[in-house]
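There are two complexes below, and they share chain A, which is joined by chain B in the first and by chain C in the second.
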Partner chain A sequence: MGTKTKALNAESAQVEAKAQIGKIARVALPYAGLVIAVIFFSIATKGSFLQLDNLTTLINQSFTLILAALGATFIYAHGSLDVSLGSICMMSCISSVLAAVATQSGVVAFLVCLGVSLLCSLIVALISCKLGVVAFVSSLCVSFICQGLAGEMLDTGEIVMPTHIIEAVDRPAVKVIVIVAAIVICYVLFERTKIGVYNKAIGGNAAAAEQSGVNVHKYKILAYVISGVLLGVSSFFLICRISAASTTTGSGLHMDVMLAVILGGMSIRGGPKSNIAAPVIGSLTTYVLSNGLTLMRVDAYYVQFIQGIIFLLIIFCVFDKKKHGALPN
Partner chain B sequence: MKKVAALLLVLMMMFGLVACNNQAGENSQQPANSDGGAEETGSVDPGVTIPEADFTLGAVVYSLSDAVPVNVKNQLEAYAEMLNVELTVVVGNGAEGNLQGVESLIQSGVDGIFMMSAEGIDAYLPVMEEAGVYCVLGSTKVLTDSAKELAENSEIFLGQVSFDDEEVMRLLTEAAIADGATEVGLIAPTNVTPNYLGIRKQAVMDILNENGIPYYEGTGSSYFDFAGFTSTLLANYPNLEYYITVTTADSAYAPITLAEMNGKVKLYAANRSDTATQAFEDGTLQAYVAGTEHCAAEFLIMYNYLMGNPLVEDGYVDITSAPLYIDSIETQQQLEEYYNDKILYTADFMLKVDTLEELEAMAEAATLENFVAGTYMDVDVQ
Partner chain C sequence: MEKELLLQVKGMNKSFGPTRALKNVDLSVYRGEVRGLIGENGSGKSTVSSIVAGIQNADSGEMIFKGQPYQPATMLDAMQHGIGMIVQEAGTVLNITVAENIFIGKEKRFSKGPFVNRKAMEMAAKQAMEALGVSGIDPAMPINKLNFEARKLIEIVRVMLDEPELLIVDETTTALSQHGRDIIYSLMKKLREEGKAVLFISHDLDELIETCDVLTVLRDGDIIRSLEKSEMEHDLIKELMVGRKIEGDYYRSDFDGSFGEEVAVRVENLTVGHELENFSLELHRGEILGVGGLSGSGMHELGRAMFGVDRALTGSVTVCRSGDVIKNPVMAVQNSMGYVSKNRDTEALILHASIKDNTLLPSYDRLKVAGLISKRKADKFADEQIQNMKVKCVSKNQEVQFLSGGNKQKVVFAKWIGTGADILILDSPTRGIDIGVKTAMYQLITRLKREGKAILMISEELPELIGMCDRIMILKDGHLAREFQRSPELSEQMIIKEMI
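Presenting the complex of A and B:
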């Protein structure tokens, strides 16, 4: 083999090695960030961060976001943007509490919460898929509808969940079981079934997916169904945690979910590189950061500054702007 | 390689900043402003011995993008520094945000927490009760019946200090009616919510209904879209002259596009306005109410209790602070010179206020006239 050929081969091998390292770094960075943050705060707070009480607090705080973000990941995977999550959460919570007050039944309250969330998510999906409206716009419309309805439903401005239902539901053990089950089920659905695979394919190239025989509308609607179910469960646990529902419940949830997914290293443009671990990692990182910095008594301005820096870091290091940015065009 | 280097540099910067902040926090905290209308305001008198405080405090404010919560933060930090108490301030918005803020502060080991919002009190008060952490509510009061019952039965709810929101809106609404308002544009969130904004909105609606005066509302894309509420009102009702808002006349948090209103309408606002002077000169702003930001009374409720001097034996302290009614460029300038961003009280005075009667007298003396005259500390304290 000539010298020139050898040099070219060596150069090619180097480029490939760099690409592999870059790929591994991009995938590993969100995980590494979480591990580093946990280690750093454990040391900086002299162990307070790892105390059982604090870990319980972290689970309680991140629980609802993890569930909502897991569901939303299916929607982001096919490249849609849903800004109705907060409003649907609010409607679900209000409906659930009204049902709970009327029937004094936790089961009924849960089923109502789930049903409302599922119904609203389906409406978003059907408007988007069947009427050809962009998902962002259809979700915005549903968001407005929910806000208007909620105001009519609540005379007093606030309604309180019966205590016996809260006591039965709002327990760390229950939450651990629910979250583990949700993660396992979502992993299987996202990585091992057509629902996840096809949604990622649609996110990669919807036209190509359709031509390959994928029923695009069907799988997009299924993604919204999954999101609706998980959002319903999340909303029920949220209302049991905060005890009272009002028209500000769930406010800003869609932004928190979006940030969690991006912080976890997944682009909300979707596509084949979507991964179900991102919402879990991102949600945990969000709360580990705010919890740890509060334990360290860091000034509130610095907390926001550091969160912003880390967010930029993730965007800068994880997302290859040429191939797939963090955000939709 | 470059990306890794950049990442490492930023991480080092970040951790360095955190370390510096902690060191700075341990050494000293500067008051927000040590200028004021009284002598030695915002400073420790040389002859005053500050007792050692073996407790730490926390505070949850709803935003760092709005002048009111920022000033609350500055005020609390200044009084904490003045009286040698460690204080941590976190941001929490809405019921869940307040609960998260409370939980994190409890984990950090605080003994008492100032809350700027009663939203989610049904959730956070039991959490504080279980942890044995005390609560004082500032800039707002318990609003719902369930919250009032909770506070009354709670052993850790020490007190609350705020305006009477209904009284504030009565002042403003009646001023608009006296000025000739026959119909009103109401700038408020669409729904009546269980917080100070909802209370204020309901109060305005009740007074207008009593007087048979119709009112109109705008629409917005979110709960805090005050700019949207204003714009849609201006567009849909071009002849509407009088406007009442339940929040500030302007702020980063809830902007209501004063520029659009310039010279066209007469606005009555329920909170601090940073561009009030200009708005008064333009003839847009007619009046607003200030005064929820100073937290000396709230601080003293918590401080006295944790120093072993509860101001009430059973129940909790309930102080209604006087609203500062600003309705001219002159009073606006007085507010800016003698009140806004000022740390008003001295350590000596704060240490002397140790009974409920003295605290009530202090709150009663907190009027604009007294701030201008410098007589707001002329309260009979032992």
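Presenting the complex of A and C:
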């Protein structure tokens, strides 16, 4: 009997160890993917991938996505699916340029960009929380409203940001500082304040969170506030890089953000396993892939094709398809 | 008399993730036998029976049924071999009639071309019901109109239609009245006399001792012992289930029904939906106030409304020390209230989150250093609560979903005790919890009373209310039916009379 129990214990310890290794592998995979991609492209492009001006391009390319995805992670954490990011970004960019043209002030342009983004995000949040409409629908509606308004605001096809503002803002050094600061602040907010832990709890089980004394609506709205601020900042830098705003600015951003977060190994259903590394790793992976493949002179269509395949692979490896997949059903 | 082997299970193993639900289980069931299975939650009794019934597959091991190797792919496959099962949960299909439920999958018997002859089907359904002593149910009635018990009986009629040689009854009787139980008991007796067999799973010791020929005790996926009729005895069975001697004092030992003077919470003229009308109570510090009744009596709604989960239509819940009227759970928690929901998995816990995260949830404000949550403090807090409640776990970072029912409930308690709640609303606090943890819970609740905490204990289990409470309020149809004081004379019969 004694030896039998011992054998069984050893066996169950083995099963447990296996489960543990699987878990670690899944968590580590997105990091490993990024590292492998960087090493691969460094060798394949004979070092030109790692050259300073390419790294600068990489930062320029991924900046908008990293910031927007960092903010969206707070919303995903509590389980909302937001599709308005692209349209809000467009609305903010157009408003910002209009304000800049009118006042010639970079500060005003920035504040308008931030304000519009924050306001739109809050409208999405208030509609879903106070009127009980799911975030997907409320964000879709706000996104349509933004598209409509933006068309009305633009007489011509596009408007251009004054150059002196662009020159002041569009610098790699500034962007690096902003990114690093945003990551640190988001990490602290996500892991060390009630905003982060409560949003994760709400995503895990809203009823349990509420019955533990969490003010569910308040913390959901706070998540939208954070997302709105980060989206505003990222939109301002975006418009200063591309200089001209039109109704197609930022289109598809919500999808890119979603994909980046999933690529980073986080389920956009949110919950307790949400983490702030996912949007960063995922955004970087997205652009390392497209940048590296372009450097290797791979045709743009093939770049998308390869991205699609890699994306599927990651989802297949990282997420437990039976229990809880990356996407809401 | 020579016993003829009907079903033999050899070396059956089954794991769920790291948990080994069955460890090399051997089981033999003979013809003409009612075999009882008993064990704590997670002991493996339901796993064995569901594998036999084709609901899931074993990882390894073999089964022999009627002398042939047997490996059912589905429940239907098992049924065709002659093994039928009545499950714990509702197994009827909604929105169709009683007769359609009984003959589901067998409509061909009554079909004429593309049409089904309803009249004939309903007649046959009536006969099938009467054969089992089920009366008073119109076969043409939609199943939705029936209560749980009637639906359960319909399910039994359906299973019996296939004339199983081995019938598995999995905790079905728990939800049934005496009438429903009697139908099942007489059915079991009939099967035994016909040389068939029954595998009967139940938590109710008296019921098992009364009906079973052999009782097999499981613990942690092992078969501990099979008892013959003459050996079946309460204390022995409990001891085998838990693996150690159970102390005599299960509930509180004293009959001193006194409590503090100070009113902790005052409920006045509370009306919630149609479930609870104009209800008032005073809960004192140092008191365990029991609330009992049938499940539709409004007692669960009372708990929810007191904690602010459900909106009250009229009336108020006032926490006396602060004078606050509770409107939502946020206010309740601010007023040191805690609520243990009867729906543990869906409302009280975040299953995918760790034990630590669940325990900390209401307590983050006290774990801050310079405005930020301190990791060190959080870890220490979680460790303390796990130790205090003796939660059996691998580590504080283990996901709650992998814990047993009893340990999950300990985590819920740890959450509230950790945050220092002194008004506790416990709705069905020992539901689905095994004896070992139950005992610990009762000791804990008694200790909390001594510490001067105010406890409202809502429960459908009368022995628990009688054993633990200073006062018991029995609800019926949303009103107070009667109030009982703690006393050694108090019996279940006295209370049941008020409930129905």
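Note that in this section the second predicted complex is superposed on the first by the 324 of 329 C-alpha atoms of A that agree within 3 Å, B and C clash if a C-alpha of one lies under 4 Å from a C-alpha of the other, contacts with A are read in each partner's own complex, and residues count from 1 in each chain.
To be clear about the criterion, a residue touches a chain if its C-beta (ideal position, glycine included) is under 8 Å from a C-beta of that chain, and two chains touch if they have at least 3 such contacts.
Keep in mind that what you see is a predicted model, and the values were worked out from it rather than measured.
With chain A as the common reference, chain B sits beside chain C without any clash.
Touching more residues of chain A than its counterpart among chain B and chain C is B. Of the two partner chains, chain C is the only one that A:205 touches; chain B does not reach it. By the touch criterion defined above, A:271 reaches chain C but does not reach chain B. In the superposed model, A:213 lies in contact with chain C only, and not with chain B.
Once the two complexes are laid over each other on the shared chain, residue contacts for A:134 go to neither chain B nor chain C. Figure note: vertex chain A, arms to chain B and chain C, all at CA centres after fitting on chain A; angle 130 degrees, rounded to a multiple of 10. Touch criterion not met for A:176: it reaches neither chain B nor chain C. In the superposition on chain A, A:102 makes contact with neither chain B nor chain C.
Contacts of A:194 after superposition on the shared chain: chain C is touched, whereas chain B is not. In the superposition on chain A, A:24 makes contact with neither chain B nor chain C. The least CA distance from chain B to chain C in the superposed model is 15 Å. Taken together, the chain C residues at the contact with chain A in this complex read 15, 17-20, 23-24, 307, 309, 329-330, 332-334, 339, 341, 346-354, 357-358, 360-362, 364-365, 371-373, 375, 394, 415. Every residue of chain A that touches chain B in the complex is listed here, in rising order: 25, 40, 44, 48, 51, 53-54, 57, 60-61, 64, 140, 144, 147-148, 150-151, 154, 156-158, 160, 238, 241-244, 246-249, 251-252, 290-291, 293-306, 309-310, 313, 316-317. Chain contact summary for the complex, chain B toward chain A: residues 3-4, 6-7, 10-11, 13-15, 17-18, 21-22, 25, 61, 64, 73, 86, 88-91, 93-96, 99-101, 103-109, 119-120, 122-123, 144, 146, 189-195, 198, 221-223. If you check the complex, the residues on chain A that touch chain C are 4, 8, 11-12, 15-16, 19, 188, 191-194, 197-198, 200-201, 204-205, 207-215, 271-273, 324.
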